[in-house]
Amino acid sequence: MFIEKIKTEGLAHLSYLIGADGQAAVIDPRRDCEVYVERAAARGSQITHIFETHRNEDLISGAPRLSQMTGAPVCHGPAPEAPVAYARTVREGEHFSLGSLRITVLETPGHTDDSLSFAVYDADFGQEAVAVFTGDALFVGDVGRTDFYPRRAEEVAGLLYDSLGKILALGDQAILYPAHGAGSVCGNNMAAREFSTLGYERLNNPMLRVENREDFVARKLAEHHYQPPYFALMERLNSDGAATPPASLPPPPLDIAESKRLMQSARLVDVRGIAAFLGAHLPGSFALPDSMISGFAGWFFRPDEDLLLVADDAAQAGAAARQLARIGFDRVVGYVKPALPVWAAGGEAFSALPVVGVAEVARRVADRPNGWALLDVRGRSEVETGIVAGAQTIYLGELPDHLDRLDRRRHYTVMCASGVRSTVAASLLRRAGFDQVDVFLGSMAAWRRAGQDIVQPRL
Amino acid sequence: MFIEKIKTEGLAHLSYLIGADGQAAVIDPRRDCEVYVERAAARGSQITHIFETHRNEDLISGAPRLSQMTGAPVCHGPAPEAPVAYARTVREGEHFSLGSLRITVLETPGHTDDSLSFAVYDADFGQEAVAVFTGDALFVGDVGRTDFYPRRAEEVAGLLYDSLGKILALGDQAILYPAHGAGSVCGNNMAAREFSTLGYERLNNPMLRVENREDFVARKLAEHHYQPPYFALMERLNSDGAATPPASLPPPPLDIAESKRLMQSARLVDVRGIAAFLGAHLPGSFALPDSMISGFAGWFFRPDEDLLLVADDAAQAGAAARQLARIGFDRVVGYVKPALPVWAAGGEAFSALPVVGVAEVARRVADRPNGWALLDVRGRSEVETGIVAGAQTIYLGELPDHLDRLDRRRHYTVMCASGVRSTVAASLLRRAGFDQVDVFLGSMAAWRRAGQDIVQPRL
Amino acid sequence: MFIEKIKTEGLAHLSYLIGADGQAAVIDPRRDCEVYVERAAARGSQITHIFETHRNEDLISGAPRLSQMTGAPVCHGPAPEAPVAYARTVREGEHFSLGSLRITVLETPGHTDDSLSFAVYDADFGQEAVAVFTGDALFVGDVGRTDFYPRRAEEVAGLLYDSLGKILALGDQAILYPAHGAGSVCGNNMAAREFSTLGYERLNNPMLRVENREDFVARKLAEHHYQPPYFALMERLNSDGAATPPASLPPPPLDIAESKRLMQSARLVDVRGIAAFLGAHLPGSFALPDSMISGFAGWFFRPDEDLLLVADDAAQAGAAARQLARIGFDRVVGYVKPALPVWAAGGEAFSALPVVGVAEVARRVADRPNGWALLDVRGRSEVETGIVAGAQTIYLGELPDHLDRLDRRRHYTVMCASGVRSTVAASLLRRAGFDQVDVFLGSMAAWRRAGQDIVQPRL
Amino acid sequence: MFIEKIKTEGLAHLSYLIGADGQAAVIDPRRDCEVYVERAAARGSQITHIFETHRNEDLISGAPRLSQMTGAPVCHGPAPEAPVAYARTVREGEHFSLGSLRITVLETPGHTDDSLSFAVYDADFGQEAVAVFTGDALFVGDVGRTDFYPRRAEEVAGLLYDSLGKILALGDQAILYPAHGAGSVCGNNMAAREFSTLGYERLNNPMLRVENREDFVARKLAEHHYQPPYFALMERLNSDGAATPPASLPPPPLDIAESKRLMQSARLVDVRGIAAFLGAHLPGSFALPDSMISGFAGWFFRPDEDLLLVADDAAQAGAAARQLARIGFDRVVGYVKPALPVWAAGGEAFSALPVVGVAEVARRVADRPNGWALLDVRGRSEVETGIVAGAQTIYLGELPDHLDRLDRRRHYTVMCASGVRSTVAASLLRRAGFDQVDVFLGSMAAWRRAGQDIVQPRL
């Protein structure tokens, strides 16, 4: 009887293979789902069941495709508004056997109406649940967001409170297996710890230590979460069943001539590291390193746009293409491998972005040189903890739609928490015709550490 | 904050990599310990601590070598009789920090005098232990054996009882990480389940549900465990620090001529599957497929003997050599790849072992043909559940030393639980000059399933 | 400028990736063609051309699929009778550039009417061909078979002679890259050497050292080659373009109950090693180890039959399924992992095949025991080198259609060259209701080595 | 009978595994020689011979270690001055058999006194050599350098001429397998083509098309080659036998605190890509990306210095450490993974290097701004093809010893052929206290392509 976690970095998505006696089930498979077949094969197990804890809004489910590949049926919760085309609906109390392992359904709405949890029992050994898959209801250190039904905000927060009670009733001994870990957009305050139990969460999870239902609902209503535009597409695809993803093969490398031809119609997406982008990049490219793809591709691109990657090598391009496909961006037409010196040696144009540190930013903040401005692209909850005096704040995800709040004649220094998102933002500005842009490397973290002043934003 | 389990099949040995914030510790590393360095590297973590729960008797510890490779110190419990040369002694209540992760020492003697458990805390998040490494004190579904100090049997069983109490006091919420899983020689009744918590064990582990200390001690004293001869070597090596193992490279393939030369001095060990051995094998070879190496190599061979493997390919030979090295058998001189047809085509001799099924064995048991005997090589606890009438019982591990209890002029049908150990036993008999040997495929399981009579052995 | 050989064992098929300056071409891709995309990616090269030397009859071409995956066009020779749907026709003298590499087309009919060779030039460095891809026209040590147009046998043998002259005219310095190596059914006498040049072949290839065209044609007409029934399907698929193959994922492992259900309708194909089959196997199964799949699956099965594999593990099952798919057998429904002892322990039936050696066979040949017969399943060219006196000869491939030449009441000992094909044959006999069958391990090779008499067959 | 090339990028070193009938030989193994054992195992072959074509001066031989690992003896040519401790000396005409493969020794001095070539014959099939391993005597498109015996320059050039004649006498049909490919420091003009034959080279290799011996010697004497300081160490180690290299495991990742401590004593070597270094780097670090390690580590570091790497991840650090170990730099103490934003966020200092393009450089060349200078770090043979007017030329390898020719008060723009070596040079200048340094991205290639003026250097 085994449980194996398959973690998808970037999305911080957690899926699971669970099995016993030659049978196995997959919980919340991601779109590139060969991994489940391979892991099951390595354990000599046949995948006989697929369970979804809810209709994901932040990634494409692999359930319909895995079902085709294995013949295993997909079990999904009751979805009043948009029944899931590829699944059969399961309900509170239904149970399934995989060898000596028993899985029982709990309806745990709140995050979404169709949310299920799955309790795991060992038929040979004890009566209590030994583990529970909680989807986006309960995380390590946090609970699911409840902002997807804005007109029913109070109602669904209360539903989640009740669902959490139902989960905790399984007992302290149950191991917790949620659908996301720290870094996911599905919760703000998850712990970095990758393992926990209901007992541990009951004692320590701040959202499980509230006074009562009212307190819980009040806290949920006070939270703020961003909803990237691509969520709407995910919801549709995860009701209808998404198309087969592109083969998980490296995208073709393109030479300079072909790249230049494709740049006419495609978005140029530089997935190299931040420092490489700062050092030299192709004019007009988006900076979107590996760690930023899941969080921001869905704000910047449309699924029907061709994407032309800039990558160090086939492996990096392939990893980026896989990440993009997981959230519905299938049109990667190839990649350019821009040893920038080679590119430059061929007579092609290049750009660079200057960096500045705390001392220089502090000097500018003090001197307020003419035409200079500081742009802070952190999110609302970060901004609320304080800003550099005079900084203008626009969240990175919303920047493409708010460029009209900026002035192309000014010189912008862009900052965030450390320097990564600000580089992404700087690339957006440069694309949009802002000539004078630099990046505050170290950003707010370095600013704080240097003991510089922080002020409260006017919100 | 992550915990990663590294499982060694065969030995059913569980070791762990645990870490946070770029630092990592290894619990109970095995001898071929490159895996820990590689896994830590993949997580961008530096190994800064090595913890041993006790001096292992069933495998060679990788702690001294991993310490050399990484510079990390080894922490070991107080070992009154044989201090561990390569480790520093740690005591109840000492604690260690790896980033935000805190590890605290519990002295939990019983299985051995030096047994420690390590409780894991999250400094950022809660006061209770979130997990515990219990070594061979507490398993999933069982507790450690207490037969290593025969003159202090009652005392150490009681010590273990007390230690278990100390562990359980950490709370139901703690996840359990033991040093062995089902299939280990370190316990008879472990659950096949690979995950549990203190809460779940408190409710369901039979040895934690005893009436009281006396009851616990009585049960432990009634248990029977085998001690293979190689345990003594393991104890010595795990006090002094074992030599570097042979490089984990495939052993060299040898041609027929060189193999025949080496067979003069080396043990010929056939590590192919059971069926292949039955079908055709080299005369004089031991049948010892992958699944039998950890359990029986230590009964049949001495560490100073050369071993010449018979394997289907380099991968199978390499896997066998690694398993052998983990328990101290380093002298694998190479392997023969005996496509038996090719071997036979070269004019070389070969043997085969006939198989028989329930019907034929039942007929023989009824008819008692002249000179025929049934040999059952299962272990004591299995034999106690019943035997086929008239069967002679000798445990497979002890067979080499008890061949004088058998008669080379008789025809032996060998049985066990299914047919694997009986094939190993049949190979021993053939090597020892028994001409008429066959294997009861299906053995006791098939016998029972066919509704045949079972009798109690005279012990 | 690189050339990389991709060898497909079993079929002994050789395909190539050739490239320069970021562009690459594939010569004769096999059906599971991800490998070419991955290798090209590893070299940072884009596949821009696909070349086929001819319409293969022994395997499914990957050209149409690779073309879809990469956008690269397929170039094929003129095919008068059956134009290739997915390719454009190229002709003598056309040339293609990949960076500084130049490829020129030679029409080299004989093996097939559409056969091409491709000469490789280095535009930067010299005028002569530096290499040549010869398809099935010229091999290392042999030339292509010319038996595919029985009514034009003499004509096409002469065409091949002329084509070889055209190839040799490229000069001694050209490296030879053929489409098959030793072990292929596309030639009988290929050298085991995997590298050669036109110069070396001109001096040493027996078929290039004939007196003249007449001598060459006479020799070709005297050759005998088998044509397995599946060749007809390959020809059709390689004109029309075959379907996408099953995903190259391991087939699902099936438990005993499901396996037994599927055995009702599916062929049971045991792909474990020969010795394992001899030792114990499921009744009714075909013995077809890895090395026999390419040679004999096409004689025994129809593409519309379900195949249920018997394999040691997922890797072995997956490798077999890939081999089967390469020659058009896509309907692998899963695999059973029959730890035969486990199977037997479950009360299921099993069989075994006894083996005999030279001494026993010699005794039987001398004594001619009543009802005993010796069956030799080697091919015609082997049989012509001599047989054991009294042996009946039926080629293994043709055995299923000639079982009426055998007598179910007799006891058959089956032989071949070594014991592999005879085990396959024995499995066919057992399936067909022959009760008394054993296998002569070592077969003709051991017989010769033992100095036993050999006689000429009556053909 | 197979030949498999093992290419070591960076060094452009080619070694080979050749074998037949279960035996194999390795030609010119590199120091990290596990690869040969693994490849041989994959082919079911035992390594029985190790051949060295000569004492390498540009890399550490793996022959002594591979000999220890496999028991195979090392065969080396006669080395009058420094006999090779770990090898036995073989001489003209000796031959060795590996199954049906025969290898014959040719003494081919010139590059070094001990240079051998090894001709390969197929005992089953023809009398002529089918291939030849030529070491550093004959390359694809070039011949070996002859500058290692400065006082015997004319003599050894003549010896090489004679040796090449002996090699060519093997016949046009022989495939050529040299010890280096394009990019090696062992020759200036090797073709990028990775395959050739003696026939092709006879017709096209410029050094084989000289008029006569005198012409050949004159051309060799006119060549210029650099000899990095580490060559002397390589020569000594390859006579005595080098120590076992560090385990090929990833170096430990170090946190900021430990890195800063180690930076006191260790060289800080940034092995990330060029663009990343330009964008942001740790003050005081050498820029030495993957492609520059083999060429320049031997100029900048001493083998007894600790090296602390800056790398994107464990894989990059590990690859760099392996490259360093191949040329004798074993003291890699760990690596820092400087997500520069994180580093900066921690309040640590960072630097960046500005880049300039053709237009800016042309402007400066025209305006000659006060205190500005252009530094060209290409090698002599490149410089001889022309420079930018006014550029000062110092070869990158020699830059550390010639910093006194530069003026710390000036502003330097550094150029090379494309921008890679100039970034390395710029990092040296910054380390040495030059404050105003920028890099001409595109360098001479972009300059030429833009049609800018080029002048002849005064040498």
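By letter and in written order, the chains are A, B, C and D; residue numbering begins at 1 in each of them.
Note that in this section a residue touches a chain if its C-beta (ideal position, glycine included) is under 8 Å from a C-beta of that chain, and two chains touch if they have at least 3 such contacts.
Small disclaimer: the values here were computed from a predicted structure and weren't measured.
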Chain separated most widely from chain C, comparing mean CA positions: A
Chain pair with the higher count of C-beta pairs in contact (A-B, B-D): A-B
Whole-Å gap separating chain A and chain B, where each centre is the average of the chain's CA atoms: 43
Computed distance of Cα centres, chain D from chain B, in Å: 49
Shared interface positions of chain A, touching two or more other chains: none
Touching residues (chain side chain B, partner chain C) in the complex: 272-281, 312, 339-342, 344-347, 349-350, 352-355, 357-358, 417-420, 423, 441-443, 445-446, 449-450
Touching residues on chain D, where the partner in the complex is chain C: 1-3, 20, 100, 122, 124-128, 130-131, 141, 171-175, 191-200, 202-204
Chain B-facing residues of chain D, complex: 22-23, 34, 37-38, 41-42, 44-47, 69-71, 247, 249-250, 252-255, 313-314, 318, 334, 337
